[in-house]
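Below you'll find a set of structures to go through.
You will see subunit A twice below: alongside subunit B first, and alongside subunit C after that.
Take a look at the complex of A and B:
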């Protein structure tokens, strides 16, 4: 794409140097100009179309929204103003469940109520406990998804599974799990199992199987097949060939993708939490809707720190596992 | 295959000690990791009390919810009166008003009826079971709080009061016996005081005593159950339904495969017509309503189908698509210039680079959920909040990805353009942009597709679109067929967008599609 645009300078500079261009050169020049003009027209047309679609979408969104954008804008700043706590230390008190001087018996300032006592005196602040719950949801879901996706990926890889129908079913199955809205799985299990973390685990794990399985089988298909051939020559069966020839090659990549998925799953389980799956997401939704500004800020602070920490930790671990590849942007979320 | 002798094996091991006897650490690592994971999973089992949650789960309901995805129930209630039966349907029965399904046979006779009774019975029947599943008694423990069912008091209030003064009797034709066919071999015969259930070769005869006790003759077969002597008996007929024989009425739940009244609801004049008949009425029939054509009427009835709400569902789906599109485009437009400022090699100002990158990290790490909750609070529920949430999160993501792409460019092209004396803007335009533009666009396209999926999820917390609609449908616990319909639409949209986006990406990146 870059090269032709620079080439366009060349015929022009040739003509400015005094040599009279031959008709052939002029013809090339003319065609080139026509080509450029047409491409410009397409680009401009495409951009215009994009802008029209954008304007249309924005208008449509604004028209169907409960509050109109410009009507609500002043309230937006009011809302931000409402988020300012009564004094700076309130956020820390909310975060660590310390008693507040503003305590008037209402839920808003009664921070120590949520303490989770480990022993008589030692306690875990409420939001730390909830955050741990969310991280555990993500971790368990990732482990389950990793395990099942691991098995499925070998069945879906064209270099290991020769039966077309098996490969076809494994791939379609993973595609379905990936595309099925998590919120529906969560909603269904919330209805069956009642509120709590288990529905969130199931929903996130099901999505993870599909997402990881797809990445895994792409890694497996790019694996070096020579060790596998060696084992096959020695008479190894399918499981032995996969376990001793393919798994050692792909495991670092698998782990790297698994870690990346863990980052995504921490966010996903927060969201599922907000719709009833327990954990910090639920606490955040409640505190925003009740207008508890110090609690809201404390949760956001905690969530932000945790997400950054998980991202950094996973990036560090991935760098150790697969080196430079860890920075490759993962596809197929 | 030739097998090695023991001596040869030993010789092999002796020659390659590193392969056959790794260090203790490398041999143990795998087992330790496996043991660690097993321990952690055991801990998680305890931490989330998984066993308890599963054993307390309402698995009966789960089966019936799943069946609701692809089937529907018709729920007549057959109440026993003094000497006749009273059949009533819920108000929004899929069979419309005054149904007379062929699987419910009745035998009529002239009996003496006390006045006023039918009127009160009708109101009692109308309030029963409008939307709750049959197995939920009096109120369902819905996952968003306890919802009271209107079925609780309605039926008993309809009972004639024993102490009331005798009403003048009148003679009238009424149903005295009813037979519900569940399948060719399963049926339910109801008469006043006697209910006979037949399934396969087994027959269960139940006496209903005047004081409202259900007394089975003989032992109950495996497909019927009774919690306590005299209490109601539940007879199950597999997929085709179930019947609850109570002391004052029989609740029949007859299940049929398919989505009922998908095109026209029972209020529509087109209801119950076949496709050909509808086409004939639309094309050649007389105007059903004088002020508009039949086609317009049919379209309006279809869109405003009370059960399926096609128009609303499509509008909400369009909202979700618009949310993902507008959010992604806006984020691309904003992240594009900012990424240049954040890239080390383009804008050599360490402080600005650092600041921009931290801003991107902040936008990305404050999760889409938080932004969504935030903007829902600010703009009210609707797609604006969704657009804003996607816009904020993705500005951070794109900023990070774009600036990383910029930092990885090949410097030679830039130097080449600079060496001919081009202005700084021209250097960016011809030296940098052609290298990164396909990457930028490909990443945006990828996120456009994945945001369509995220937009569904954040919709459920109030950010508008189909997510909210989906969530509301799930919350009522009775509209699982609508959930299935919406999921199908979402899967379709995601599938189409996935293909469009990856086709465009492959064209941009100049690689062949796999």
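Take a look at the complex of A and C:
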């Protein structure tokens, strides 16, 4: 069978093996070179600006420093020295509220006093209880933030909300919510609503709505609109289109961001605890300021373990919920 | 010569490709046909090693390519260029850069990351585009092109790899008849002029008949037909597409993407 060759404008010998390139080829090549050269210039210029900005920032930071950075550096390890407890077992006694042989009636060694009794004999050590309080704050705040951020994100996404004013208000509202750090909002609510976990939850949730909402609507804006078009053609209304065409594709990403936020919120609620929100943060602040080294180390150990555990848990949950295939794109199948 | 020796691929419980034995000589133009799920794509992907076979071996010129690793594997992948149904270009890069990406395995990573190509390579890339009649799109973002144009960019990228084999996985399944013809014509032209072996999955019988000298029919992971296009009788079609497809239950006019009817005389433009 004869082969059709209608496409070939240039003889093969001259085209791909480059003996005599045609003027048209040379002209395209020249134009592309010019385009690439211009892009390189922009990149170089951008890098230069970045370097200048970095140098300026470092100079400014140094100028505004109290000027004793290097003078104080040798004392850095003194602080660590003060953290060494009387004996290694003290850390474990503090962590599990066991009586200490060094007990002299002072606050420093009163570990068993913090026990939270569940039954007559079974107790939860003080710091585990406080850690639970902190995790609880983070969990509730993340759930509230996820729910409200979820709803707001669709209103803020330009591919779903065609009404400009609605998008404008949704976006500005979320900006307002995340403009203030959790600790500032917490300070306000703690002053108004008195100390405790509920103001801390409100504070963390408010920031979470703003932060998650922004990430969510960016995910929504990157969504594939073909399923949405398919449902629109089938006569589905806005809510139906969002629920059936957009939500299934954005949910895995939402979940990843939500779990990341949970980790961030555990840390945030620890800090808020230190300013009066209750939980482990408060205990940490007290033990550091009172110089109770064993208690401080016990809390730091507990915090570290908790963060690792939350991280592992969210990775596991993500795999279970998102499905394994999302992690196995490289090998095909 | 490409030799596929009793290759099997399982995905969990399902057997996608089941003990396939094929030998393909250099310069052949082979069409692989079969129902969706027959294992055509899996077979092609195993040759390029996007998927590894569960059992069996794939040899090219006597060398086992199914056990290659690292740099040797990447060199083999360069030698058997792959063309996808959905083009798989980088949509945010311009067309010429997309074409030049076919050179990646010929050059050092440092040069690649700095985007430095020699003048010969640039001219070669534009010439490849011109050969496919889309040189005027060279400076556009690849994502803004139509499907037919994108597939031609993908073929130009494959040419830049200077491959020994071109594997095309349903190259025309998402194109309109005219673009489908342009793409198939260029694959046939590459096969005829450069003598590059072309293995292509097709879902239309008449395209396979028109362009391929040899047709391989697959059903449920097994090869059920292997022969010249002329030997593809109604009986063979029934074996490939299943018993419920009667002698005339697969009218080719329905699945056809060609502009002329299959019965029409040789097209006038054929040279």
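The working rule: the second predicted complex is superposed on the first by the 236 of 333 C-alpha atoms of A that agree within 3 Å, B and C clash if a C-alpha of one lies under 4 Å from a C-alpha of the other, contacts with A are read in each partner's own complex, and residues count from 1 in each chain.
Basically, contacts are C-beta pairs under 8 Å (C-beta built on N, C-alpha and C of every residue); 3 or more make two chains touch, one makes a residue touch a chain.
These figures come from a predicted structure and were not determined experimentally.
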**Request:** Classify the contacts of A:121 with the two partner chains as first (subunit B alone), second (subunit C alone), both, or neither.
**Result:** neither
**Request:** Could you tell me if A:179 is touching subunit B, subunit C, both of them or neither one (first, second, both, neither)?
**Result:** first
**Message:** Contacts for A:162 in the overlay, against subunit B (first) and subunit C (second): which applies, first, second, both or neither?
**Reply:** neither
**Item:** Dominant toucher of subunit A (residue count), subunit B or subunit C
**Value:** B
**Asked** Touching A:28, do we find subunit B (first), subunit C (second), both, or neither?
**Response** second
**Asked** Across the two complexes, what residues of subunit A are contacted by subunit B and by subunit C?
**Response** 1-2, 5-6, 9, 331, 333
**Request:** Enumerate the contact residues on subunit A facing subunit C in the complex.
**Result:** 1-10, 12, 14-18, 21-22, 24-26, 28-29, 31-33, 35-36, 331-333
**subunit B - residues contacting subunit A, complex** = 1, 37, 40-41, 44, 47-48, 50, 53-54, 56-59, 61-62, 65, 141-144, 315, 318-319, 322-323, 325-326, 329-330, 361-362, 365-370, 373-374, 377-387, 401, 404, 413, 416-417, 420, 430, 434-435, 437-438, 443, 446, 450, 453, 456-458, 460-461, 464, 467, 470-471, 474-475, 477, 483, 487, 490-491, 494-495, 498
**List of subunit A residues in touch with subunit B within their complex** = 1-2, 5-6, 9, 50, 53-54, 56-58, 60-62, 64-67, 69, 72, 75-76, 79, 133, 136-137, 139-140, 143, 179-184, 187-188, 190-198, 201, 234-235, 267, 270-271, 274-276, 281, 284-285, 288-289, 300, 303-304, 307-308, 311, 327, 329, 331, 333
**Request:** Report the residues of subunit C in contact with subunit A in the complex, numbered from low to high.
**Result:** 11, 45, 50-52, 94, 96, 115, 119-120, 122-124, 126-133, 135-136, 138-139, 159, 182, 185-186, 188-189, 191-194, 210, 213, 266-267, 269-271
